[in-house]
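As written, the chains take the letters A, B and C, and residue 1 is the first residue of each chain.
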């Protein structure tokens, strides 16, 4: 396999294989997501009356923080035995490496969301299994992965890596959080698709812009 | 910018600074093809940093470095194809098996007939028995051998090794010696940093002692007199080798 | 190009800018407190507008400079670009903090609360957080060169993000209309004049601060370089 996507795929396969053995990244994200759901239930005093109002927010706050955890883990594992240097030594375009890491993170996050959403539906009695959720979850998670992959490479090379990622990541993905919550609110309320459109557009624009920028910037972030 | 040069490594006025701290303070070095270059020096002398710059992992602050005539800054991807690096860390994914690790790197380096080549390098380093055990379960010596196999996968003309002798058992040391000897016979160029004077002079044809970011002493010879070199080391660094 | 460079690095330029800025600011204060008539709907407190808007403008300008210099630094790796970016970032944080403070001071008498999650204020808050990340990423990097590189990436990504943030927040907020914001009505001639002079005044102040700060930082960098050289020589 050669070429840009061939190499990126090789990285995805490698990450997935390592994850299957280790069960670290996805598992910790999932557990964390569950814990958050429970805590939010108490923190916002979710009742039958307000669960329509607060449900969307709880979902996306959970996914945001679980995502932050996941991205950090992914690069911490790469840093072990300096495998990140191993990757950098390969005669591969840096953007290709970025694409590989991003798609791997995306895959893990989507897996976690696929498991957490049904749990959420059960815990809060909300119908999240509507067709509209698919583009929302996909676009939002791509946005998270695009920014998260870049910034976790920064964080993992910094001294206070635990605070660095949230500090960099959260302000930048504010548009994604807003759009995701708004769309989910519309979907849960059964609003027509026209309401969703502008929010999906903003997420799509965000994704496109930040995937391109991050793949350029990745090289500068992994240099020594 | 490609430089007309038959030197395997050409370094001119190389400076590498981390912030204001200059780790490499102006290195001039020329390694001819087929040479076995050994870098000696105390900790902090800049040996690892020099190797990292040659490996394109670290960007020069000023000055120039060329590997096989190619600039490490502007032609990094080409340089990467031509070098095999054995650094201090193993660069191996602990949760994967040696086979999976090598398959991965073979893909990344576009190694032709990967399966066959993997078999070759594994036999070269003597790891045929443990190909399907997780790397995390292998001893340091075995991991080092696997690391060398990884470096040889794409058959690079230049090998860069950063203190490969540290913490190795006898078997691994022997394997390392054999591999290096074999590589030399095939015309490969080797640049190696080491704390072990004996290992360094065994196959070496070009030696340099680095002190505080500069080359304090340099010598080319068919064979080296270890004692003379040890004396030189003490003179340059003020400490025993 | 060289003459421009020499002019910008002239030792006396910040002093000249300070004098100009002082004079213009004095004039601005007169305009704001004496000249411009009180606005009917909001009363005296509306005069904060003539501070708030120019300060917000300077904060954005500073961020733009961070953006441009970050690109310059990554392209050339010359310390000069990073120096200007760093100083603009520092001043930017300061001015963004002032935006938030003046915004709150205005909000309390105007709407009864210290804070409203309306588009411009909220975007300023997010901008403030990105600036903060910009400054902190340098402190937490392994060394100052890596810090400069990381900060440049944050500066570029952050700047591109801010318009998207503003758009998202604005759409978010159109469903819950906030109290009539800072655009209450159109500006009369006197108000426009005051605003323009105030804008010029604050921009001049910013230019002075930036130049002065860059000069000081350049001296500090030189001192560090010299002390490093001395250290190296002592080692030999």
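Criterion: contacts are C-beta pairs under 8 Å (C-beta built on N, C-alpha and C of every residue); 3 or more make two chains touch, one makes a residue touch a chain.
Values in this document were obtained by computation on a predicted structure and should not be read as measured data.
Taking B-C and A-C together, the pair of chains sharing more C-beta contacts is A-C. Taking each chain's centre as the mean of its CA atoms, C is the chain most distant from subunit B. Computed centre separation for the pair subunit A/subunit B is 38 angstrom, with centres defined by C-alpha atoms.
Inter-chain spacing, taken between the CA centroids of subunit B and subunit C, is 49 Å.
Separation between the centroids of subunit A and subunit C, computed from CA atoms only, is 32 Å. Multi-chain contact residues, meaning those touching two or more other chains, occur in subunit A at positions 223-224.
For subunit C, the set of residues that touch two or more other chains comprises 142, 146.
Multi-chain contact residues, meaning those touching two or more other chains, do not occur anywhere in subunit B.
Residue ranges on subunit A touching subunit B, taken from their complex, read 1-2, 6-7, 10, 13-14, 17-18, 21-22, 80-83, 85-93, 223-224. By the touch rule above, subunit B contacts subunit C in their complex via residues 17-22, 25, 61, 212. Every residue of subunit C that touches subunit B in the complex is listed here, in rising order: 142-147, 224-225, 228, 232, 235-236.
Residues 147, 150, 154, 157-160, 164, 167-168, 170-172, 174-175, 178-179, 182, 198-199, 202, 205-206, 209-210, 213-214, 217, 220-221, 223-224 of subunit A are the ones touching subunit C in the complex. Those residues of subunit C that touch subunit A in the complex are listed here as 74, 126, 129-130, 132-133, 136-137, 140-142, 146, 149-150, 152-154, 156-158, 160-161, 164-165, 167-169, 171-172.
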